[in-house]
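So, here's a batch of structures to check.
Presented sequentially are two complexes of chain A, the first with chain B as partner and the second with chain C.
Up next is the complex of A and B:
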């Protein structure tokens, strides 16, 4: 879509403008992250004297990281976040792809209601249902568990995943599945070995869209799993933020560390996204 | 290998009836071609046989077994699609193996089958490539290979050559023909190209608007088209059709002939049997190669009932081996004449056409053949 815009010579001036705009936006978006990272490597004094300065030999310090690393709880929170995010992501992608395939391929009783139901899930923010979600989790006896968070995040991510994936699946030529059906290939094998591989770019897109809100979420960990056992990084960081004293070194260091896994996951998936966007053009 | 039998097959999409009461017997090992103009329901009929579309009413039998309500999987067929429908993320080898592995066959046996098919189709060097790295003709071969390795009871082809360029099309046509000779498997082949139909088929089924117009060998369709539609569709350049109408007096004592008028001229047309009245419309059909030009060909023998028409040449096309003369008659009816060799005739020349009575096709008012 964009690549064709950039390639045509007619739009070269136009594309320079778009690039400039996107560059400006990128700088703006990255600035806070940049601030967090540079200040994570400064002494407390350095942070407060000049928050915008890069660390110098006088202000450089890894005290925050040392403190965070020494704090064994942090790794516990970190692994909680990772398990919850990856667990939810796995089910969002698997179930999302399955629902999308079912809705776009089969007519069954209640399929149009199901589609409508998923659309509502996109429109209505899940936080509106916090009270009843809490009630449900309490009655399931899942308070303060990772399972509770995983379940809620699956519900949060599914509608959008189904929407994007079913749009994408509708574009897969129907002859492919018809050929497979003639070839005596089972419906499961058609889904897992033809549809899923061909949907990979869309799945990567959905993965990236889904990871960030889950990893960054503070709301549901706070109300569903505030206990020590299932505490996530975002919630764990709060322990450094006191009512009277805030340990900025540790806060910034842990936030810096928290960016790393998201960055890695993004890099894994983005390779496929870019491939997906260019697939149609190159063909 | 199996016979296929269609009994009163109907297919409707919503309220629109696309296939109207098609009955057909296809013998085991036969190569049958469905031919007809675009949109006449050829693909739909093939998809009904395949099981990709549900039959609205009627009975379909494959190998004397009623398969009307079976899924494509259970019918023992293999289909080659117009768009090839190769799995883009799999290599040629995997494309062919995909359906077989599912059937739970032994690995070395599968491997042998694929290598055999690849050899026949000259794909041995390409087994590790992906479809995107193949040319159109090679993709087509992979699609055929994928069908062959399954050893189906019936092969189904839906316009398999229409995405290829002209020279490749002829080459693949010959390969398909050869393949059928060696496999001897029942084959149903759909095309809108009458040349493909004529060259490949044991039996042609001409379809129009969801109905069977005629079934027969290529030569029987060419020599004795059952109606105007088939007459127009089979043969290139198409059969010339000239309007005529019956004229009194009716000759009861000589039922082999009817009197008619063509472009103002009274003629006697040979006729098998025709219960005619005065002033009925008729269509006279004559193939371009059956028309002679008087004075050009010395050997022409003119019989009493033959037609002779004075005309003027509009256009001459010379292809080297044959020439086409485009002509119009006095009433404006266009006529094409094929003459062998490189015609010396030129535009605006007045000539006399000679139409041998024995070569005439005669169709009644509703388009059915009467001679």
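Up next is the complex of A and C:
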């Protein structure tokens, strides 16, 4: 019925205007990244003489990339970030699903307090506890370790995971679990073999919500793990660029190296990511 | 169950591992930080209870209070810019792309969301390069629309640095409110707008009179999330301006002020107890905002819900 709105000749101009606006905004959103990538493949002269031009045979150069690869432990940082993000994600999903199931399925003494207690973590940023978190990490002798970051990110991600997953689990039909209980299946088996597989769509949403802030975080790596050993790619890039700020080739190359994996992953998974983010839309 | 007979063992097993990690690394540190703000640490590292003395210093002793109020004021400006620029743009784009008759709506949405996924550090450096007068990209681009005379080293100048950084943050995060508002708009039953359309209402009128009132709760949620995000921001300013939040602290917000207080900078040493006091103040600011939000949502916005 709404199609008539856009097909009528009166509204065709309107629709063109809408496209023009959206196109302009899309350009604004993508152009800065595009500009960085094309200039990363140019000589210093090319970068400064005509920043807006694509690299030509005369200006093409990968000097920046060679320098970055030689001078920095980019791959080391990259694998640190990967281990930390995936490690934290695994426990956020598993432990989050377990708490969500306990809160949505069983009524027990203190269950509403527990719900409130977990909800605090959605509203209050975990960073505000940094002073005390650092003291705890120091006393556990975990400074400059990936374990420290994984533990903190689990604590950071759990409240949101519990919230989303318990909303979802509450909608799972009663018959499924009742049938299993009649067959004397244990509560653990019901959770791991029946409930967890059914929760998959919501788990995808939680994964999207959890991965991005962990991968991109600067605060906790800076405070808990600034050392070489457990340095993440976000902190590594921040410090590397800080050192080479006048070496434009290297700066542009390292920015490109940091952006391109995200860009590729987004191109592959954008459908799932967007679907995860808009999971509330029932239509 | 060890402490209460009413909790069956399996519930205990499901709860304990996660709740333990959450308690040790999130809930307790928050409480501990609030407690720590009531103590003072001497040079030997011993701590003494001092009541509200730290708050007195932070809020009224000029040596501290000037920096604190400067950061608070800047943070408020940072938030207001997000509310005036980011959220209206998000609303406009969400309204446009939620029309399923619009060709390519999904593509626009996907592409506009992309910057949100980038690390704030990367975004900070990208814009630093683009706004660098040495490179001249911005000046050239502004030249195409005849505005090159207005270009200046905005990031380096006291009156414009904070606004520029706020706009960079807006550029990056427009996608989040966009998705929330878009989801809410899709949730509105077609029958409502179709009925209004049959009655001769224009699409614009349908949006203002029917859809907007229905998504007010979402706009409230977007506002409080923006507030919490802004009063907890740090990464972008640290990566563009460093811990000193220059020029002359004009881009200092509570996050960077907290970092310097806790860790120290240049010659001054950091103080865990004063750091905890700053964090506690940030907590109270967020708490007040959240309470206002819940009051408004409960009292006012629910009326509009179906």
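As a convention for this text, the second predicted complex is superposed on the first by the 189 of 283 C-alpha atoms of A that agree within 3 Å, B and C clash if a C-alpha of one lies under 4 Å from a C-alpha of the other, contacts with A are read in each partner's own complex, and residues count from 1 in each chain.
FYI, a contact is a pair of C-beta atoms (placed from the backbone, for glycine too) under 8 Å apart; a residue touches a chain by one contact, two chains touch by 3 or more.
Just so you know, these numbers come straight off a predicted model, no measurement behind them.
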item	value
Which of chain B and chain C A:52 touches, first, second, both or neither	second
Chain B versus chain C as contact partner of A:182, first or second or both or neither	first
Winner by number of chain A residues touched, once chain B and chain C are compared	C
Contacts of A:70 with chain B and chain C, given as first, second, both or neither	neither
First, second, both or neither for A:262, with chain B first and chain C second	second
Which of chain B and chain C A:234 touches, first, second, both or neither	second
Chain A residues contacted in one complex by chain B, in the other by chain C	186, 283
Chain A residues touching chain B - in the complex, by the definition given at the top	173, 175-176, 178-186, 189, 193-194, 197-198, 283
Touch list for chain C against partner chain A, complex	4, 6-8, 10-11, 13-15, 17-19, 21-22, 24-30, 32-33, 36, 89, 93, 96-97, 99-104, 106, 108-122, 125-127, 129-130, 135-137, 140-141, 171, 174, 179, 182-184, 186-187, 190, 193-194, 197, 203, 228, 232, 234-235, 238-239, 255, 258, 262-263, 272, 275-276, 279-280, 282-283, 286-287, 290
Interface residues, chain A side, partner chain C - complex	1-3, 5-6, 15, 18-19, 21-23, 25-26, 28-30, 32-33, 35-36, 47-48, 51-52, 91, 95-96, 98-99, 101-102, 106, 108-110, 114, 117-118, 120-121, 123-133, 135-136, 151-152, 154-156, 158-159, 162, 186-188, 191, 212, 215-219, 222-223, 234-235, 237-238, 241, 248, 251-252, 255, 258-259, 262-263, 266, 270, 273-274, 277-283
Residue numbers on chain B that touch chain A, as the complex places them	50-52, 71-73, 77-79, 81, 83, 85, 87-89, 98-99, 102-103, 132, 146, 150
